[in-house]
């Protein structure tokens, strides 16, 4: 049993950096991420493709790696200094987690790095050294209508959200928003290092699994353009949920599923969270504007499906069920379990309590 | 039994002009149309409110009238000349329809007009004389983020769409788009006089009923702003469907329900249809991008619910069921009954034919 | 001397259809119109390229034709019926204008057509028969961020605007807006057949010359994307004026210059003008928001430069100067000659009258 | 003579927090900032108004204070901890600067704070304690079309930019972008603490003066809406420059002048700069896309005019001229002094060197 926190100094995490993703059909994945979504290819060979967003200057934000099982191989965070890689190694060793270090990097373009299986069962990587590549911020001649300009965040499924929060807060993450009920059950939490709503989020459910990776666009119309393009390509069934406005984060969003079923969010316009006393926003799980500010329903697959994650040997991690009530069970398909206006609460909770 | 077409010269219809709508709670309706949607009040008293869009120069596009039953009292079309009002009177008299003429107008601000109960059972009005009011095209200091700038169209529910099309084509309407199946069943049709996709549409179903009235915004973000505002007002349950991109018309859309349940569409960016040989677009009812280009499902209420319409004495018209299959029955909730890509068609139709 | 109007029935013009444009370097023109602006190639060979907008269904909206002198060879209008081509031939013959008819069409894809040198010295074409091509309304997979979706209008420079208006009104055009001064001098007028602000405009100045051709985008951000792309291509000097908001027409605009100096406007969101009593908007030439609603200055080249037009033998038409004051002379560079608010008028006019 | 840097620990600055601005007509200033720009009033009395942006949770981002001379009284930065206020006091005392501390705060809503006259002559404030107020992130029912959602940055005019950079780097600022010429003359620099392009910028010129304060919108259309509203209010002469796309920062921008002539920028969509090795972007002063990516000219007033700043006793600071060439002198109005494409450089520099 690993510990959740250590007395050692945690590595100073700057931000989420890239996702190492195993896909079962690299050509199909390339068609989706490059031809449809327009991510920029930094490097590629027969086995893997390194992709970045238009405003990125580090080597990549996404590695697509051909493999036997569709899964997330690593959620990689950039740390502030080379010494923070040492700190990461020490920190997770102290937690009793499996730790591997590769001074040549686990991915092309990335240098000295540590990969761990963290206390929640997720494969985290910490790196500082990375090749700089051309930042295409001004490359408007190359941007499609739905240009993805930044990696925004990861979202992880874990059975026990408060336990996950304790671990991530030990690592230096702050909590910006969460979803709770009146009994104190926490259904999800959003945690940040950079000054946005999150670098990663914890979604309560059977885990460890990767819920999604999210890329940012400049504006809302860019996200609509991705929908329109998917329609034109007769790939509208790649759209799982949205577009819509989140309650949590206030961002405009769209959820897609890639050819392997990996979920990709397109996301824009959350808010600044960089002050030390940034106010946490707690949403009631029965507030039906929490997940979609316009009250549009969340599809069941969004709650139930997610990608396996791998251990350091490349084997899928076993998944543990959530003990507490699931957000879907308490909200989806049950008319009285949610409310839009506060005066509806009595009604909503009454029915909800009949569970 | 009335005829569908006449040999007399039809009135030269310029465009849809305004809707005369009975609401059961005028204050609630005002709160929705004025305070939330931001329509401009041209005139109002205790019994009725005349509203217009920002780029309108005629007196109103919508009359809200307090009454006992929520219903549409008239769908009013503007005709080119005063003589076209005479032509309308003669045309419908020749069809054998109930016809009334009021040289002082049926609504404040409107002059000499004819109201009829048309062969489909709908209350149509034809007017030319109308007060000009300030056109607020440049009044950016008064426009909310979701400013409604034009009345775009009506949408009517009628059991027999081809019969309705024959009638409207006799009146000079063109068909711009329709939804059919491979057996030739027509589920809906879009008909125009002005050079947009429609001034009115016929939706197959129990009728005569008014499906919705649609107002146009300048851009897509204006529609999103209406959604965001409804969320902020905790009125997100006014949103019935959307926002989304239509397949038919290519417009960006949102469907709302007013406090009486009348449906209002917010709509933007369909295309020019003014050439005499404008190509008609026919959509397969099993193409699940026809109603939403992104493949998002149509909610059942959108198919089944609509507003009663009144006869010339103000009594609700009896509703006649549709004999042919309903679009909802052949498409909603049945996974195999729709397809996105043409190569799916065989599969889609095979299951569909099992009906 | 030709007459301005005829008692014969004028052809029923539907809309502006295409521009036949002579360029001196076809490859350079292609690079601009196709590679930068993203117009769709319908057909091309070594001598000419036919281009269309994304929502167009007729063969082309622009012909680029290699030639010795950069000039406009024809401003082509679509007429409602084949017989309207006959009417055009008769109408202009009756006016005493040079008239040529080619039953095989003057351009690939276009059938029976008449070309004339009109009373103002412009080469007008009238055609009805035209090949239909794929309408790319839904082709979001092919559209660039600044997709041009419609031909919107022409703009012609002519010395005597009221004279030009008399001629065009005889042809059935309506006047939607104009710019005048308090002495009744007319500086420019906007004239329409389709239900937008214009199919063509008359700009007072040495003429006949073509001031510009205008293409429409869906939204304002599409126009900004064209600017951004030109910046990325280091072709920002193609931008002559804008982007901005017009006072006249209320449209959002951008003026570009092609490699030959031909001016192209990108334009979006003017308003509906299809009613027979559409109110005309007259702007005071001293209102400095008339040309740019934000008061940004008009660059001198925009006033003074324009493209030659050709006669029916392909020779450039001689240009006649304007007798009345030029808009630039009374407004540009003289601080007191314009006003923003009506209370500034006294001051503005006082200085202006010192001219 | 004060030092530029100290060996003491600099206060940990989180971000720019608010501007304390003296206006000569508080009612006129309120009409501009509240009625036109829509900033949210947190508190006000007859002498001062505290305003905030929609996504702000601290008490205010702008204080308008009635006074005899239009000037900036303080540029206030938020620091991470209460102890950082102590550090600020010690740091500036060590530099030999005038320092004042008010444990009750210099402005309502703000607690313990230090104000200094810094080595460049600017009045800087450092505060941590501040009242939290309602964050109106989700208040879409209150937002105008051009809602200002964040304070983005200050911009200061100072004669010697490298000297200013040395001072600010000592305070912990990073340089994200600058404008230089081939002789190494630095014309301007952008410096950040939060992960955007800047919290403040240094513009070379006679100083100390405040060049502008900048507020952020969500999207570009919000900025265009402000222009449109100013036009509708017949206040278009409040627009000094833009809207446009910056080269530096890649942001979309607009510059306004308030009734006292204070300059306000509206700004959106720069890029993430939070990595420790964020690449600095240097622009050539002769690149005419550096200030406007579309090559539109910078008006002279933008270069020459700025607001006085006050010393700790409220007296305007004397202004010192810049010794090095001014950006305007080497670029404005001289056709050959700028280039768009790199192949133009030889030509551009040749002429430029003739100065």
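All chains are identified by letter, namely A, B, C and D, in their written order; residue positions are counted from 1 within each chain.
The rule is simple: a residue touches a chain if its C-beta (ideal position, glycine included) is under 8 Å from a C-beta of that chain, and two chains touch if they have at least 3 such contacts.
Fair warning: this is a prediction, and the values are worked out from it, not measured in the lab.
For the pair subunit C and subunit D, chains touching both partners: A, B. Of the two chain pairs considered here, B-C and B-D, the higher C-beta contact count falls to B-C.
Set against the Cα centre of subunit C, the chain with the most distant centre is A.
Between the Cα centres of subunit B and subunit D there is a gap of 50 Å.
Put simply, the C-alpha centre of subunit B and that of subunit C have 34 angstrom between them. Among the residues of subunit D, those touching two or more other chains are numbered 138, 219-221, 228, 231, 247, 293. Chain contact summary for the complex, subunit B toward subunit C: residues 14-15, 55, 57-58, 78, 80-81, 132, 135, 137-138, 149-150, 194-195, 218-220, 247, 250, 269, 271-272, 274-279, 293. Partner subunit C is touched in their complex by these residues of subunit A: 138-145, 147, 219, 221, 225, 228-229, 231-233.
If you check the complex, the residues on subunit C that touch subunit D are 220-221, 224, 227-228, 230-231, 234-237, 239, 243, 245, 247, 252, 288-289, 293-296, 340-342.
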